[in-house]
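Chains here go by letter, A, B, C, D and E, matching the order in which they are written, and residues are numbered from 1 within each.
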Amino acid sequence: MTHSQSILEIEQLAVSYDAIKAVKGISLHVKQGEIVALIGTNGSGKTSTLHSISGLHKHNQGVIKFEGKDITKLEPHKIVAAGISQVPEGRGVLGDLTVMENMMLGSYVRKDKKNIAQDLQSMFQLFPRLAERKKQLAGTMSGGEQQMLAIARALMARPKLLLLDEPSMGLAPIIVKEIFQAIKTINKDGVSILLVEQNANMALSAADRGYVMETGSIVVEDRAENLRNNDIVKSVYLGIST
Amino acid sequence: MKRTVLTFIIAALLLVLPLLLGQVSDFWLHVVIMIGVFSILSMGLNVIIGYAGQFALGHAAFYGIGAYTAALLLIHYNLSFWLVLPIAAVITGFFGFLLGTPVIRLRGDYLGIVTLGFGEIVRLIFVNWIDVTRGPMGLPGIPAPELFGFTFSGKIEFYYLILVLVVITYIVINRIVHSGIGLNMLTIREDERLAESIGIRPNKYKIMAFTIGAFFAGIAGAFWAAYISYVSPDAFRYMDSVNILAMVILGGSGNLAGSILGASILVITPELLRYVSEYRMLLLGLAIVLMMIFKPTGFWGEKHRKLNFYGKARKGEGK
Amino acid sequence: SNNSGTESKSDTLRIGLAAPISGTQAQYGQAFKNGAELAAAQINEAGGIDGKQVQIVVEDDKGDSNEAVNVANKFVSDKSILAVVGHFNSSATLATAPVYNKNKIVEISPSSSAPGVTNAGDYTYRVITTDAFQADYLADWSQELGYSKVALIYEQSDFGIGLLDVYKQSAAENNIEIAAAEAYNPGDKDFSTILTKIKAAQPDAIFIGGFYNEAALIAQQAQKLDLNVDFIGVDSLYSEALLELGKESVEGFKLIGFFYPGGDNEKATQFAEQYQASYNSKPDTYAAYAYVATSLVIEAIKEQGADRESIKTFLDQVKDYEGATGVLSFDENGDVVTVPSKLKIENGEFVLFE
Amino acid sequence: MLLQQITNGLTIGMIYALIALGYTMVYGILKIVNFAHGDIYMVGSFLGLFFLKELHVPLYVAFIFSAIVTAVIGITIERTAYRPLRKADRIVPLISALGVSTFLISVAQLIWGTEMRPFPTTFGSKTYTVGTVTVSEIQILILVLSCILMIGLQLFVKKTKVGTAMRATSISLTNAALLGINTNRMISLAFAIGSALAACAGIMVGIYYNAVYPTMGYMAGINAFTAAVLGGIGSIPGAMLGGVLLGLVEALSGAYISTQYKSVISFAILIIVLLIRPSGILGKKEINKV
Amino acid sequence: MENVLELQQVSVKFGGLVALNQVDLTVKRGEILAIIGPNGAGKTTLFNIMTGIYQPTSGQVLYKNQKINKLKPYKRVDLGIARTFQNTRLLKSMTVLENVLVAHQEVNKETVFASIFSSKSMQQKRQTIVQECMDKLEMVGLADKAEQLAGSLPYGEQRLLEIARALATGCELLLLDEPAAGMNQSEKRELIKKILQLSKQYHIEILLIEHDIQMIMEISDRIVVLNYGQKIAEGTPQEIQNDPQVIQAYLGGEVD
């Protein structure tokens, strides 16, 4: 199947670590302007999928296309330059650099220097805590603060596609709400989003479509509102006993 | 079962080796003896580096302390070699303890440079403390060991002696690293802060590693002094420390058999390369780089680490 | 495993050469190799010995006693090696002496001048005089030169310390005051600290108890510090490199020389010419010593046959052998007995003093 | 005498510092101790000699050419000997570096011979005497150029985008790559800069001592490593401070205590400093947040 | 009810930043106490104070009425305090079982001498140790992965392994820093069961940091709320859920 308006298209992706087959030939796509949620149990291969998209893990089979171009073999930094940013699992802030330096590196690949300052301001508006702590070393920030930084930093790249790996992890409920609000806003500005989440409730209420992964395979694919009524999803991910 | 057979074959080979080599040349017997000496050194260093994860660049100093202690005791006090050997080991071990105690606060390369500095200080003391060590002139005329009135005169006797020492070293260190001590050392190597928060005292194990490593270096040193019958400071330089380090890494840090393999490779290769004279060091350099590129975790790296802390408690170990 | 007395069966006569071919002393090893190989080449050109070619088997001991013992073991267990020329460092010679002596093979060192080598064994010889001899000689000379205050810069090695000890003693006998005695470690290249200290002591001359490379650095750095005194030294300074590296700063150096081409020793002049022709450079003391040592072994084989033991017999009987480093004999300890020349540097060249 | 000794110490110290800077550059980014750094410095020095002697270029051109060629050599070494080991334990490249070091020394010996070579320039030998202190032209050059290079480097690393990207690379290759940083290029750059600095140091030392030889990198490497650690490895001003301090300690302990034991004394001081400040004088403390 | 752990007027400062401001806190025998609060409120810092990673700038830490302010982390483990980390910290190149073994107190007591002359009784003791550690793995559901390398576990399981490891220290007080992060609802369900089991069956006091408010309500006996380093509320789940200050600072307006 082809999706002419797809920004990201994955076909038959298989990922393995030595003997372990983490992803077993999945296909998925994200359309231009869409928010797609990818949910799944622990170890089902979500992170592995994201790592393959951003080029961090290379021992794959299958094809990954971004805006119609094959990016399967590109190096990570070229993939970022092409317009894909990732908020990695476990935040991945650069601990020995300050908050500000982390933010500035977010815009490393940008060509439009003019708007950087402005974007920085809007990030600080979104996360006032970061504005307070510009000079603090990122490694000494609290877990949640680091999560905020990771998200803000990824957005500084003005990506066309944003990959989020469990952005709500470790965040206080009030911040989670804000972040999902922000995700929607960013999306409205034209950024497509692939969202990996354990907080399925939030993820599915923000997303247009969703995929459910189990042990390396996609088991369900549907529109988000349908998924919320899917029995498996309800019992496993939403904690609603059926 | 297969293992027992293999062990048996190796043991038999090692026992008749001097007879085989004796036919070829004394030189190769000497090379094998040197492998033995360096095996002991690298197994000891492996405890410090491979298990406790402490970057130490001064192992030759311990080797030197062992050699000088033994030489001085043998020359001046006429003690029996069999008494001198353990004394040298204990004294060297004590130096390991002395060094370990202050420096355990340091990490990584900071520790590396301090141990390097320690090594240089020890060597410079050998060079400059002329009244005792005769400085650069070295100490000649170290008497050979005697056993039941029989004096060690040929290489064969020394071969069997080093064989016994290597086997003892292997067994002892093997037991230590596969005990709770070894596990705790590995934990410290991986994550010292974590080790603390699960109840492990990093300092205790780091000092222990230094002491054990130094103890066995003392054995190697004492043997060397008796075997060569001469010691001088130029055998215990920084490059010698680095060489022992290379043996540990090349063989596979965190694996004792690997250390023996590493010692064998790095003792034999330069000797083999003697045939290419001028290009010897050039090829040795290339060989080291290539070996590391093709075997980044050493020949028998971590993966071969036996998980036998719990021995037969759990069957079907391995992957 | 006693190999002495075994006749070599091959058509080449093999002589071992143990020298620091790599490592920080590689340059001396190179000089050894050149000198020894030249001696072999000459006899081979002349048809060899009884039709057999002489081959120099070079082994690298890195100047390290560990490696030296490996090399010694390699040589002794190779039955075709008739004798060994080497080692460079006294510590290497001392470390290997038990191996050679036990296996009854001659080791003849071109350069190990430490006093300890005297008692190293019956099979250990050397063609260089001991440090004691040279230092003593130099002290007498210092008095003749009218120095009353001499400073010493010596290498912290068997060599340097040996020189220091004897010179100090003989200086006292000659009423020379030791203004300062400063050691440096092998490998040091910065002498400004030492020289600044010595400058403050205001000596008449500085005795350099080290090698020519360091001597050149010392002279240059002294010049940069505006320290103008005489420099004296032993034969270890004799090298073209001293002139090249030191340039005008080494002008006026006074040193003891055994090897001095262009003087009345024809052998030396010849050797220098042949060396120049073969290697396109001027030989230093160590090349000459290695040449002499090798020539002696070749002479022995020529006279007494290709046999380990008879080489020793020959050496014990050598009397007034005329070589590139002077006329020499061996005493009962295998130490050389010979007479040096006094040299100085004038207009960028070594010339006879007087 | 004291002032003269301080001048001597300062000069040696600046040389240590300059080599240490290269060390710190490479260490800062890859966290490996590049044991071959001292030998790269030696190669740089020989190249300078080659350009001066064989091609008869002016001194400053020799500096530039040698720096460029040495940088290329540095990059090549990284590609061939270190890059394949990127995923291995940090100690592994150390051994590979040892191989490179052995290799470089023997190549130099094969090409240039084992003898010490004089440096064919008359620059630098002029001396100035101020009071009791004598200073040579080359000492002044060493002091000035080292300071300029250090300040330039510090500004580059701390203030520029590329510099920040280099630091990011040094913290985490993966996370830096995720920001679009070409980490391989950053590493190559660090090697290039480190090697070029070593080449500059090599030429200046060549002029200062008027001697170049294949094993000159050995002691220089150890001293620079010591200097880098003393000042706090990874820190540029630290390398500078460490170098100068080491030079001064050596000169003053040599002058007033004992020349035999001057290395003992400087190592002893290093150990004491590290026991008080385990990450060196200007080194950053490890972040201790869980 | 007796107090197991007690914090008296504890403050922590980082430069100018006050991470904890005169916090009083007690953990009572047998209870599950939850700590909640916005990001950066000082929750993890509180754990770091209790386990000895940080020293308080001022104030007292008492464990069973004994002052432990200055005690090294490993000494506190001996006393019975164990923890898990917010960012998992495992020995990635060691196996799952080894990760648990290293925390076992008996493993720490082995001596050089005993290990060299490893006796029969020693072997038996080791078997018991291994068995105990396997039990801990069994409990968190990782027994079948005992031989895998810890680094290859997915995130959620890494958290479980941390719990098993903490239990292997033989702790009496267990500090869990966001144990459910990265788990889905059914996995959280399982985890809740296990925590309750630990508390009720094994009589371990549990201190828990969590952001999942539903889970907190379900398992905690008591809740302490931190904000900007200050304790702003303390009480039963019901009391906290309806505390306007908490709603405003933490939950964000509405209550589920």
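Assume a contact is a pair of C-beta atoms (placed from the backbone, for glycine too) under 8 Å apart; a residue touches a chain by one contact, two chains touch by 3 or more.
Heads up on the chains, UniProt names are A, E = ABC transporter ATP-binding protein; B, D = Branched-chain amino acid ABC transporter permease.
These numbers were taken from a predicted model, which means no experiment stands behind them.
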| item | value |
| --- | --- |
| Fewest hops from subunit A to subunit C - one hop per pair of touching chains | 2 |
| Longest centre-to-centre distance from subunit B, chain (CA-based) | A |
| Chain located farthest away, centre of subunit E as origin (C-alpha) | C |
| Length of the line joining the C-alpha centres of subunit C and subunit E, rounded to whole Å | 73 |
| Whole-Å gap between the CA centroids of subunit D and subunit E | 47 |
| Gap in Å, rounded to a whole number, between the CA centres of subunit D and subunit A | 43 |
| Gap in Å, rounded to a whole number, between the CA centres of subunit D and subunit B | 32 |
| Subunit A, residues touching no fewer than two other chains | 140 |
| Overlap residues in subunit B, where contacts from two or more other chains coincide | 124, 127-128, 193, 197, 278, 280-281 |
| Residue numbers of subunit E (touch at least two other chains) | 44, 53, 85-87, 89 |
| Residue ranges of subunit B in contact with subunit E within the complex | 172, 175-176, 178-181, 183-184, 186-187, 190-191, 193-201, 208, 212, 302, 307, 309-311, 313-314, 317-319 |
| Complex interface listing, subunit E residues touching subunit A | 14, 17, 36-41, 43-44, 86-87, 152-157, 178, 181-189, 211, 213-214, 249-253 |
| Subunit A-touching residues of subunit D, taken from the complex the two chains share | 161, 164-165, 167-168, 170-172, 174-183, 284, 287, 289 |
| Subunit B - residues contacting subunit C, complex | 22, 25-28, 30-31, 34, 124, 127-128, 130, 135-138, 140, 153-155, 228-230, 232, 234-235, 237, 240, 271, 274, 277-278, 280-281 |
| Residues of subunit C defined as touching subunit D within the complex | 22-24, 26-27, 29-30, 156, 182-185, 187-190, 192-194, 196-197, 199-200, 213, 216-217, 220-221, 224-226, 241, 244-245, 247 |
